[in-house]
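Which chain is which? They are A, B and C, in the order written, and residues in each are numbered from 1.
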């Protein structure tokens, strides 16, 4: 456990599980997020790829006070937003960017958003991340729940600032880098959820894992929903880009999505007035429930895969927002407990699970950049392996008959 | 008026009324709240008990930017939250805590709350204090007022950050410590209220007084309501803990509270699915209107009293939220101008008073820790003295016939 | 280009258009607003009148974190609020103040306002400026638009903090001082507006110009509305103060305003229970569309003029809130694209224009203090010149038949 002296004095050695790890608290009740630049060299870690972690604070406009943590693995820069539910803003590897170009150019501090504004669509004033957490009381379109309460778009998670943020680096290979952030969703009589989020990666990697644990700290069983709104624009998304996954069932989200059902796995070029189509997918998993969703460009030379488990995240939304670039040319690969209907519609679908008192639920997704045809092909082969010849049910009709406006 | 030199340079000598007092402005337009630790020793005050005042700022999550002022009398630590309406977070004397364990663990900055969220119940996302100010335009359950405006739960006071905070210490015995905070509730055409709050105590005390002055700065008479939501959990609250007050009339808040009316002055142990019962009380006062409400534990060896005046605060709500500990095992002793019905229902009860232009109303409550059987008995005796054999009317039916949901 | 050394190191020389100018960024993503005091002497500028620019940050209450920029031309102190849409708080020349006394005494940080509160009237909790920007998606009274969305009073502009603020001073006479602030109104799928605001003045001036450019960065045409809520109290406003403009058509905003239509250009003394009357004016312009609106005191010795162009701002609201001083004795001279009806009512009036993708619209208003009878008379003469004997249509009935409550 040789290491260089740490002059900044903020790094301590802790046992994290069985392995020894460097650990530093970046944010806590008595500790504001300070500007820091932590490097593997400073930590005395001899990883093959030097890595670094940089924190900063944004100013001006609705960004005032927002903090960012950028993990540079040496091969990919992953930017996390503690102020916005530990969302992943983007991940950049060389000239490939995982993420998208939203019209929303600021990283918006939740203090400046009214989620109840725009009839429950206020969330759209801050939406621009690669990975946006949705939940955990509800997800889906805004509207009144059966008891008359307005449920705002996709819940509070993305606009919940992390109460505590801890960075750790394992002292042994592969020197796993972990950024943990705690989210509290608490309201007297209503909810007592804590979400322990983690993003981990390793030096030199062009992938990262989001690993969250939702705990119901309350004394009563509660409904919950989770959805990981994972969004990709160019260069992955383009005309004839494709989506692949082992699919047990697919159906159009609404009537509008019916027309493109035959080509639901292929993307259009930016298309004026297209707006969006959404397809509700129930993926197959392997014997352990593990599955893989893949997005790749037209030539099949560049892509991304999301590895997750259908026992944790059984419902998968494919959101195809192939409108113009200025409108936000983007697709969402969205593993969830639920689809994007308002919660009131999902109970009948058995997609509003409950979590008992003191129980926890884990959600894990690994995002892997697929650089080159070989890696894309490997991922597609894995999809085929999981599908294993099993049939795909294509439902022509939406699962929910939404009211006409 | 001998005193030691004050190096910090922030303490000035002012005449406060007739007495001389040390005074320092902790927060003002041109002065952010800074971390301070002020001690009686530094002030050169020779009180029998050394005391101190500490200010700090919280970070992370929805706490970002929240300031606290902790007054340590030498016998009790009283924590006030300027960012949240000068509410009293808790008061701790040795191993006795006045306050409660809410599922809401953060001291929430109002910037992060939408009071209009959850159909007007957003307030619950920040509710965890010992003394939470409710008002001053309205109190009570959320719902539309007669003109169609959504009144959010218990008004804006608890989520109104203080504009100016001043600490003073009298230079003569009993060296009264005063923390003053100014709240502004102003909206063009709607309201121009200023609430001059004060919390005072003395060195060595295990009691404190909240003394507020509401002023209608506007040119028109306005409706107003005030309610001091004073909340106690363990160790005072427990199975067979009891409430006592001189009672002129008591009635159940709603149909659900009817069942427990016979035992309304006794508390249950934490009870799953109990939710809450509320009893509307009109207390008797003595010839000057002074009255006393007492909560004590089962053995009658530990309690708290609230001394107030029924000419200021004629309506008293006893809120019995004896649900599970995780749900928030708590009782509220709530002196007010009004009960907790939505304002629209209280006009007929004559519990929506008006305040004329430039008029003021004062509200004063003294919270006293009762340590030991003697002190509890003294308080109960005082209650009996005020009751003075006068009759208690027990109304079986709620004052308001609330609509069924 | 001789100049003194600038020790602060924040001033750089840039070419702004054709002229050379000092320029400094006061606020940007990586630059918080710092307390500064910049003087013409420090800049080495030999203007006839020394001038200065001072920045500061406010604390306490709902002001926490608000920044101000005060431009002192040497003859007038103009205070701008970057945190509130670059609004102009007030402009003071000697003992004459342009601005008014609102019951709202704080300069409110938008983080603490819920615009959706008070049924869409939350905006009133922050309204106290001389120039309050309204728009740019909508202006007008709150209420549901035809699609059911609650439009909050006067849009988001006034509660949009500027993302970037730049100060520049031309290096050649007249040494124009420019304060530029960028506002972003962006919501995925809904809007992508950027408003480049500018306030400019010159050393020694008692006037300033607001010059804004609205750009629709999106790929779709959008509805927009703008209204410059320009508000004046004493000493300009008083009994028998008068309004003058070249008027093509005037009509009462609603039934209540009908009664005072005969005297719509004359002001009352503060009048209890008057509330407000509003008159909808279509001004005449000269051949280029330029027009002038004038407010002056009873003796015609003190006034203000607003010079603007009816091709940019065709609709003008005269808001006469001559209620008591405490209620806010104030008149609004409001050049706009639209009147103050809810957007749903203005489409039929052709007062909800659209802006195509990548298009811009400019809005320019020059506010000039008129000191002395000569200047007031000159302004009134200019009004007459523009009117040029053309007829004024006085409509007795409001343009919109509002529903009765």
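Basically, contacts are C-beta pairs under 8 Å (C-beta built on N, C-alpha and C of every residue); 3 or more make two chains touch, one makes a residue touch a chain.
These figures come from a predicted structure and were not determined experimentally.
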Report summary line: Common contacts of chain B and chain C, by label, are A
**Report entry** Shared interface numbering between chain C and chain A [over half = same, under half = different]
**Finding:** different
Requested in this report: Could you work out how far chain A has to rotate to sit on chain B, using CA atoms and steps of 5 degrees?
Outcome: 120
Query raised in the report: Just curious, how far off is chain B from chain A if you go by their C-alpha centres, in Å?
Result: 42
**Report entry** Inter-centroid spacing, chain C versus chain A (mean Cα positions, whole Å)
**Finding:** 42
Requested in this report: Mark out which residues of chain A touch at least two other chains, giving numbers and ranges.
Outcome: 65, 111, 114, 116
Report summary line: Interface with chain B, chain A side, in the complex: residues 27-33, 65, 110-111, 114-116, 148-150, 152, 160-165, 182-184, 186-192, 217-220, 357
Requested in this report: Enumerate the contact residues on chain B facing chain A in the complex.
Outcome: 56, 58-65, 102-106, 109, 111-112, 114, 116-119, 121, 124-125, 127-128, 272, 323-328
